[in-house]
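Two complexes follow with chain A in common, the first pairing it with chain B and the second with chain C.
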Partner chain A sequence: MSDTNRREFLQRTGQAACAVALGSTAIVLGRRACAGDSWAIAPNKCINIRLGVTGADKVCEACATSCVLPLSAVRAVNEHSLCGRCCICPAYFDVRSSMGPDGLPTKKVCPRDAIKRTVIGDVDANDPLNNFYEYTIDEELCNGCGRCVMECKDPAGLGSIRLEVRYDRCLHCNQCTIATHCPEDAYTRVGPQPRPAIALEGEAG
Partner chain B sequence: MNAGRSSNCRDRGVSADHERKFGAIVTLLTHCFVISVLAVAMLVLGESTAYAKVDYSRPVNAAPKQQDIGKTYQVPPVQRVPPRSLWIYGLDVLLLAVGLVVAALVAHRWRRRWMAVAISIFSIAYFGFYRQGCVCPVGSVQNVTASFVDSSLAVPLVVLLFFLLPLIAALFVGRVFCGGLCPLGAIQDIVVLRPVQLPPAVDHWGGKFKYVYLVLAIWFAAQPAATRDFVICRFDPFIGFFRLNGTAWLLSIGAAFLLVGTVVGRPYCRFLCPYGGLLAIVARFSFWPVRITPDEELDCGLCAESCPFGAVKNLRADRMTCLACTRCFAHCPRQQYQWGDIELIEVEQLVEAHREKSLATSKPAASTPV
Partner chain C sequence: MKLRHIQTLSGKGERPEQFHVRLAGVAVDSENCVLAVGDREVKRFNPDGRFDTSFPTPDAGWSVAAEGESIWVGMQGKISHFDRQGKLLNTIDDASRLGMVSGLAVKGSVLVAADTTHRTIHSYHDAIWQREIGREANTRGFMIPNGVLDISLEAASDTFLVAHSQKHRVERYRLTGELVDKFGRFGAENPADFGGCCNPTNVSALPAGFIAVSEKAPPLLKVYTADGKFVSQMVGVFDLNAKNIDLAADRRGRLYATDPVRCTIEVFEQQATST
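Showing the complex of A and B:
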């Protein structure tokens, strides 16, 4: 075999090998590929959301600290239709702090002061306890530390606040660091299959 | 000698070889188009249920009703952000595919440097700053490895396509992805100001580091889930710039790379980039590698001098190391003549001036054909 022939042969072999390798990668992984590569938090697994554990001192901060973004892609969301609109909201006030002259706790739960409290409806100016309050979470401030989520749970809260992934912020990293750090495996990639229905109270209540 | 050269300098117009290359590029274009259309179709068909209801209920719902609060009160909508719609992912893939085709056409047909710079700027703006460097083909090596090893993992279609498309392009037309479409390469490419030629030995042996890094990255990505580590992403020196945020030491390493990169062209790409290693292996067998001279070889060595990456060996663009940056085209006298930038007489003057210069500096290696 002459030198030119050999070089030609090696070249063709290499081309074929590359084509086969790329093609088989495409086939093997393409069959398993999923369009839905969004990350989601399973509420029945997340220690901050699920029932059974309460107390902001037991909070898991992995979502706030692990994300590669400066402000985590996870943030707390208040489901207004479930919110009790309490005067002394355990997720807003640190109920164990000392009482101020207005009869409200002096400290707040949120370390970043991301929750806004506004009085709503027909306001009774004399008795704050007789009013309803709306709690909105500032998306630009919340870093998803989960303290309010931990507090807004049975028995004190109604569980209207929970953690969610901000899909507009999430970079869909090659490897999500929150998912690797999540102690409860609650942070999962949502694939093409629909998730089974989850009954929250039956599991941990 | 001079007379002989000028008789060689005939303008032969579009050669048969050129026709063949154009056919190849059309083929590549068709392939990329078909692949991206398929990808978008699969994305739409496999409509994600990501945001499907994850059932969430509580033992009690004692929330006050609207009439309890006050007549005028409106329950505000829940602050909720839907997932990024699928067409944006489709757009990413489409832009990558179209970018590869354009980069291939620039490297093989249009051959203009400003086009490559335009691709670089687009890449830095879109893949870099807008998409914040995710998803990138460089890091996708690890995803693909991990999902090969662990069958419970499914690599997203977008990641798979980002991994495959530049490799397919490399198999056909060489490393056109590196040329300017890679945001990491593009950010280094625009800071190449006063490049120096490294000794060939440094180029040769330093270039082996990227294979070591590739093997290490694959090794770490192939670990079981608990110890799996995606080192390429963790030690990406430029991602901090794109996200305008990052640890101080990685940012300073990135800054150091850019600083060194002003004199040593693209240090990360040449010596470290693991995906570059993979592309180099595939590009070794590419069907239509980058050709410097448009028609006629003058053996002048101006291309070798203009290449900041030491990729011109024996007056040919080395298949494995050529990053398709198109710098050499602008320095090729025949190319300039073909563009009509210079007259035929100036071609000889350029060649002669270069020959005298290289003789004076007693570096004949660059201009001596082997």
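Showing the complex of A and C:
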């Protein structure tokens, strides 16, 4: 090999090594920078939330089955100010199931029985339908399967139940497995943890 | 008796007969002309369905009723009275008492207004408030998670019907306020029953003693006898996301039903059946 060829070889090898090193550093720095990023569900994309899609057969359970946590960081939440407090809530009861002797559907929507139904005030003995009910979601039981969300949305319900990423439970993985498996690209990186959209009850500001 | 879909009126768009954004209610006047309230106007269609004219309302209208030469439009906190040409005659401005007026029934000097905001029904006589209706039967107010309280006059018997959606029933009251009777129950297997969280959402008395109701999720129409026996149902005409389908009937027995998603008025004809 001539001196010129050797010099050229060394020069190119050095350039390649530098490029690899810089690229690797950029990737590592990029991953570190995004490691704390949060994820959110885009309601206009999520098939369980977005309007126009109805039916239990269309429920997507990717949030429940793909999270690396034993119980998904995605949970259903009920915004009580929007809830109709129905006697027969389509997110609580399977309204297509047969009717029991009490006049209520015999099956529930939630496979984990995570929704609790409590009467508001005293039951009207003369007319049990003359009552409102509060529906609360036990987040220790909810796995974010989205069935109640699908049933609650307009026009069947009022859309008060939705899926949310619980930032206090999320591990903030850089490569979120739910995002990888989401068929609608609804699970999106939103950068540093955003402020909650709505202040929870009892919180100042 | 069953319903047959025969015509579609209006729609969403820029043409004079169309609505830009919203269609809220429908009524039929004494000459079988169709009145539709939406956006901030009332549109009138001839008995054959051709667009006739429109006139503005002072605010966004939520309900419309016609009696003789008068047209009434329910809005937020007020009810306006027009003549047939659309000239504003007077307004019941009762904002401290009235919320969103989503249903109207008028007979002579008696006007009954369904108040969705306060989940109650108000009675007026010569435009002067008289009483709330339904308090004794519904101590917690009318339960309407669907967001609209609808009523329909039964002129011959001085009664009116209420679609009480959460209780899955139709209630009949005298114009003087007493509950006369009611029918309906929750159920998913028998078409006579009302399904979902809150159905029926709207109601209309038909000629010859029948009653039509509309449901949501899925949107459909049902017909009952005056005493609540199921007669027939009609599915598949409306947008699947349509809810609170307002109803009105003319003297020929035609039924007019709004599709709030498409801003159309679907016209149905009653057909006798051999059974």
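Observations on the model:
Note that in this section the second predicted complex is superposed on the first by the 151 of 205 C-alpha atoms of A that agree within 3 Å, B and C clash if a C-alpha of one lies under 4 Å from a C-alpha of the other, contacts with A are read in each partner's own complex, and residues count from 1 in each chain.
Here, a contact is a pair of C-beta atoms (placed from the backbone, for glycine too) under 8 Å apart; a residue touches a chain by one contact, two chains touch by 3 or more.
Just so it is clear, the structure is predicted and the values come from calculations on it, not from any experiment.
Of the two partner chains, chain B is the only one that A:14 touches; chain C does not reach it.
Of the two partner chains placed by superposition, chain B and chain C are both touched by A:132. Within the superposed three-chain model, A:154 lies in touch with chain B and with chain C [touch as defined at top]. Of the two partner chains placed by superposition, only chain C is touched by A:52; chain B is not. When chain B and chain C are set side by side, the one touching more residues of chain A is B. By the document's definition of touching, of the two partners only chain B reaches A:167; chain C does not.
Contacts of A:96 after superposition: chain C is touched, whereas chain B is not reached.
Judged by the touch definition given at the top, the superposed model places A:85 against both chain B and chain C. By the touch criterion stated above, A:43 is placed in contact with chain B alone, chain C being left untouched. After overlaying the two complexes on the shared chain, residue contacts for A:119 are found with neither chain B nor chain C. 51, 84-85, 121, 132, 154, 158 are the residues of chain A that lie in the contact sets of both chain B and chain C, per the superposition on chain A. Put simply, chain B touches chain A in their complex at residues 42-43, 45-52, 54-64, 68-73, 75-84, 86, 131-132, 134-135, 139-140, 142-144, 146-148, 151, 153-160, 163-164, 167-168, 171, 228, 230, 233, 243, 245, 281-282, 284-285, 287. Of all residues in chain A, those touching chain B in their complex are 11, 14-15, 17-19, 22, 25-26, 28-30, 32-38, 40, 42-43, 51, 68-70, 77-85, 120-122, 132, 134, 136-137, 139, 154, 158-160, 162, 164, 166-175, 180, 189-195, 197-201, 205. Those residues of chain C whose C-beta lies close enough to touch chain A in the complex are 137-140, 143, 145-147, 166-168, 185-189, 195-198, 216-217, 219, 240-243. Here chain A touches chain C in the complex through residues 51-52, 54, 84-90, 95-99, 103-105, 121, 124, 127, 129-132, 154-158, going by the rule given at the top.
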